[in-house]
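First chain A sits with chain B, and in the next complex the same chain sits with chain C.
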Partner chain A sequence: MADAASKEPAVRRERLAGLSTTREHVSVTPGPPAARLALRAGEDALNSVSRALGVSVPRKPKTSARAKSGGRVALWLGPDEWLVIDDDGADLPAAAGRAKALHSAVDVSHRNVAILVAGEGAEACLAAGCPQDLSLAAFPVGACSRTVLGKVEIVLWRTGEQTFHVEVWRSFAEYAYAFLAEAARDV
Partner chain B sequence: MLLIHCPYCEEERAELEFRHAGEAHVARPAEISAESDEAFEGYFFIRTNPRGIAYERWRHIHGCGRFFNAVRDTVSDRFFTTYKAGGKKPDAAKFAGAATDGKDKG
Partner chain C sequence: MVGANRIAGSGRLSAAGRLAFSFDGRPYQGLEGDTLASALLANDVHLVGRSFKYHRPRGILSAGAEEPNALVGVHRDAARRTPNVRATVQEVYDGLAAVSQNRWPSLAFDVGAVNDLFSPFFSAGFYYKTFMWPKAAWAALYEPGIRAAAGLGVAPDQPDPDRYAARYAHCEVLVVGGGAAGLAAALAAAETGVRVILCDEQAASGGAMRFESGARIDGEEGWNWAQKAAARLAGMDNVRVLTRTTAFGYYAQNFVALAERVSDHLADPADRPRERLWQVRAKRVVLATGAIERHMVFADNDRPGIMLASAARTYLNHYGVCVGRNVGVYAGNDSAYAAAIDLKRAGVAIAAIVDLREKPKGALYEEARGLGIDVLPGRAVTGVGGRTRVSSMTVAPRTGGPSRRIAIDALLTSSGWTPSVHLYSQSRGKVAFDPASQRFLPDTYPQHCVSVGACNGTDDLAAALKEAAAAGERVGRAVGAKGKTAKAPAVETSEGWAGGMPGAAPGAGAEAAVKAFVDFQNDVTAKDIRQAVREGMRSIEHVKRFTTNGMATDQGKTSNLHGLAIAAEALGKEMPEVGLTTFRPPYTPVTFGAIVNQARGALFDPTRKTAMHRWHEKQRAVFEDVGQWKRPWYYPRPGEDMHEAVNRECATVRRTAGLFDASTLGKIEVVGPDAAAFMELLYTNPWQKLEPGRCRYGVMLREDGFVYDDGVVGRLAPDRFHVTTTTGGAARVLNHMEDYLQTEFPQLKVWLTSVSEQWAVIAVQGPRSRDIIAPFVEGVDLDAAAMPHMSVREGRVCGVPARLFRMSFSGERGFEVNVPADYGEAVWEALWAEAEKHGACAYGTETMHVLRAEKGFIIVGQDTDGTVTPDDAGLAWAIGKKKTDFVGIRGLKRPDLMAAGRKQLVGLRTRDPNIVLEEGAQIVADPNQTVPMTMIGHVTSSYWSQNCGRSIALALIAGGRERIGETVYVPMPDGAIEAEIGSTVFFDEQGERVHG
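Moving on to the complex of A and B:
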């Protein structure tokens, strides 16, 4: 048994592998794997944690901040809570661990799955199940928020005028994807 | 849909994102083991359950996750104000004019 295990390394199956929906005005596709960090820190630890992560964690509600280089972003979820996403799969807990100030950093890379909604109908597609005002005035590029989509909780982040990044728990991913794919038919 | 102002997110959000969390301003006794049975019952079980202006805790569970307090009319379901947890209890007289005052209109 041990021999067989050593010959073939475990392969992680992506939750939404192979799925893709493209309609006239909107497309719904699974996002690539990424490293994710659930970060909790008090006001006095923010400078130290920001330096360690290389991204200035935002303090204003419903905003996000990108690192100067690389694909790292910090999304404001609550007054002392952030979701940090790194597209390159960097070791985020190790990075956060360099901060000396008291904070909590939990690796949740495999807890979430990303779904990308893009196109001129992206807003309408998400509005099928999300109660927030997603117009550019109320939810500008870079805005992010924990909210609901249909029956599940999501983190919604607007990456462009016509592109949204949806973070959803792995076990809810099929539901969220099916919901968005169905909504895309009506856009 | 009812819109509720979250004092932490600093904007109005849909009712769907929130969860009711019981009566506000119920102070836990400092020496709870020294309380008499009657006093403990009062703290633990007895709620005012008013008809009209009520002080309630709410949680923005599908948003920032924070608990906060709200003043709500239990007859009309109207929210008069919301404020951060630990904030000073607003005077009920401020809302008395707008409240249904326990009387049904229809």
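Moving on to the complex of A and C:
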């Protein structure tokens, strides 16, 4: 055990490393690694948890909330369920742990992989496999939803008028990426 | 002009757009915008195929999607050979190669045509009553013969190289049909500001304006108005116009499926998909699907050259093609007159208009007479001359009398129009019969849908556009639109005709042996339908199935109403009493490609791979499919077969150690102050007293008391458990837990999170396992006293956060290293480098299975089958004896589950240690009893065990534990195998090796 510290720490190898698709109207690229937290809490704990995480967790279905500064966002997934993503890789379980109120915080940083879909064809590209109405009126910037893409479950989050962030479990990431890359040929 | 039958000054195609194509190898010229049918007719080709059953020569009946006859093969290349393409739909592109079908050796001379002579043997229902004797000949002789002779077209024999796309779309208003009514509805809806999708199956919007020369809308010729309207719609931001797009299925909640033919009309599709499937969810649907003209039913009405009157008008007015030079017309209503008038004005001779009606009158009648056309009222066409092309018609008074022959080279018929209520019917709408117009029309709408124009029985163009515009605005307003009200199109002149007659005309020969076709594609004649009634069919559903009327790929678009009318007449009933068959999707044939679209090859189904997959590939692992997962099955070294590789892996793990990828196991984090209470309820075991840092093997039951799943559970903290499940159970166990938590135990403060994919799991098993991991572990005391068997610690491995389990599914001292998945591969590589120094191996699922069987550890789903209780499986020890509640506790108390003699899991040792039993084999007590023998159990797991030097097996045997020491038999085709019942543990019976 003594020589453990002397060994090189294990290298992180991202699931979709090296993949990228750029077409005339849309690009499909893997998102950078991020810290992720599966947050479960009751209504009474939300203020406490929000303070601890520095982001006001949204209470309205299909909405998200960003922290005032930094790359942290809380996506509403259910009445007592959120996915918190921190682009800077912060220690989210530790941050959530500062909340006194009852909640569950589970690190899922490596469970999910992000895929970014961007461009004027982004909506059409996703519509190849996502049955939801993704028009700006029905799915505005900031909207998020746990939904399906082809044959897999995803969390879809609209980050801009022409940019979407797809969260997918890692073993489904290759499928989701390939599905979107194929769909990109048709927009 | 291109083609002998093109008429200068007629049609809308440009003479400049010349295209070369071939039919049965002969080169022809067509024009840009031609369909294959119009281009063939321009070249005076009427004979295009042979019929399904009788192999009769067939021509082109229609100019649209309803075509039953003109089915051809289109061959782009060796892999792209599409059968049964409707020549009336396929657009000509430069280089198109089409071939006729269902003929041998050639279209003009077809050996199969002898069927026509033997047709008395192929009458309605022939396959139900012919070929019945001798019985054996059906499977051996008759059926293969019939199958070889019947059928249309030839399926391609290579994988489809084309690409198919898919799109979900949402709109407030979906308008199906881009004819005048559909355009008017779409414009009105679009002006209100809502999202509109307009789809039309043809290459351009316009519908019947293609042929209706008499229509003028908003000061324009009907066709030109339609093109401008379509262009205006296409230019609006809230409108999507889809041409070459067929709405083929109307499902629940206004979910409508459209098939768009993206590149079938292009010489070079380039990177375009061939087709695109649109799945549209619309708040409102407007059906503007028009009407389809019916042919006349009379003797030999299938001869090439006989076609629908509106089709001849379409070929003339749109494509500039005359379908003959001396044309006869057979009318049951006014619309055929319009065809005669248009052709006459274009300079084509009209031999005569034969009108079934005694006293035709009206503007069209007068106009025809004024043009000098010979009109023969009260007469019928009783037969035609010519075989591969009509050459004459025999005309007689409809009530009988002397007949005369009139020479013709084409015959146009119309017996009226059938509103296209297919999609309305698919939407679960019931049609209502309108006796005045002798047709079925939409009635009550079960969905948010409305029909406008001809499909709604609104024949007059002005009335149709008024109705459509009003409907378009109304549906827009209904979904809350605030926009403008569009000005309805003003119709200055229009055509419109009602009436007509469904059923057989006098020339159909009520009892004679003539073939008056009702359904061309399935070769069903009026006589067949009458025969069906004579043989006892009463409902149209029975008549349909007995005769196959309307059951071909055209779904009886031209034949259903005729068939119904003939059946009703034969039954002496009104049509509504006989009923109308239900329309089902698809409206027209849809390719499998469009339905499958992206879901092929790698996208057919997700392939799940662990973080270490590439390493396994590099080691040339053979993979096993476990659900969607790819798991290493075994790692053969050069020259090794599976048996040798597994034997080596099994021996190596027990001698030194092995690395195993256990990442696919389900993992659930159970968090909250009531976590232990929840675990108590979901598992049979006690959990309250399990200390943090310790693990326990848990058994989960269903409510009925049978084993549902199992796995090792580690308690990380008083309020946090790390639960593992079987690979296959990962999703359903979480669902099962959530289900109980939300419905039965909502008072518990506990949350469940799947972390199956958060952690990569490397199992290191074997006497040297601790030595292999030790150099990489920080912050955990691995000493046996500090970290005994069945414990869990959090620390670091290879410098990354890890959950380290001391547990064993092999019976050896073992660890399971959990690291965040992105680090899995690197940590595996580090551990492997160390493992190699110790002579350890990597092992796959097969070795894992053998090792656990040597120890008698069960696999849920292999040694259990949903009817096995914990006690049956020898797991009674895992039930907390003092527990008063858990899921399944009452089930376990059912008398049958507590009865003596239940099947119990035991070990089997064959008398001959070299014989490996078959898994699933049945077990008997006495091999000499008569068949059927009394089976007392079956083999659940069976392997060669290198470590035991013999075969081993687990089996479920009635009263098994009572029978230990007894001999049983496994009957196999070449004799019964003798085996002795014994303990389920074959290796290290004391279980000492996991410790230390």
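The criterion applied here is as follows: the second predicted complex is superposed on the first by the 181 of 187 C-alpha atoms of A that agree within 3 Å, B and C clash if a C-alpha of one lies under 4 Å from a C-alpha of the other, contacts with A are read in each partner's own complex, and residues count from 1 in each chain.
FYI, a contact is a pair of C-beta atoms (placed from the backbone, for glycine too) under 8 Å apart; a residue touches a chain by one contact, two chains touch by 3 or more.
If you're wondering where the values come from, they're calculated on a predicted model, not measured in any experiment.
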Partner chain in contact with A:Ala178 - chain B first, chain C second, else both or neither: second
Partner chain in contact with A:Arg111 - chain B first, chain C second, else both or neither: second
Chain B versus chain C as contact partner of A:Pro61, first or second or both or neither: first
Partner chain(s) touched by A:Leu77 [first = chain B, second = chain C, both, neither]: first
Which of chain B and chain C A:Asp87 touches, first, second, both or neither: neither
Contacts of A:Pro131 with chain B and chain C, given as first, second, both or neither: both
Chain touching more of chain A, residue-wise (chain B, chain C): C
Which superposed partner A:Thr147 touches (first chain B, second chain C, both, neither): first
Overlap of the chain B and chain C footprints on chain A, listed as residue numbers: 131-132
Touching residues on chain B, where the partner in the complex is chain A: 1, 8-11, 13-14, 16-17, 62-66
Touch list for chain A against partner chain B, complex: 61-62, 77-79, 81, 131-132, 145-148, 153
Of all residues in chain C, those that touch chain A in their complex: 163, 165-170, 195, 271, 273, 276, 279, 281, 598-599, 602-603, 605-611, 628-629, 669, 671-673, 749-751, 753-759, 774-778, 782, 796-800, 819-823, 825-827, 830
Residue numbers on chain A that touch chain C, as the complex places them: 1, 3-5, 7-15, 33, 38, 40, 80, 102-112, 124, 127-133, 135, 138, 150-152, 169-172, 174-175, 178-179, 182-183, 185-186
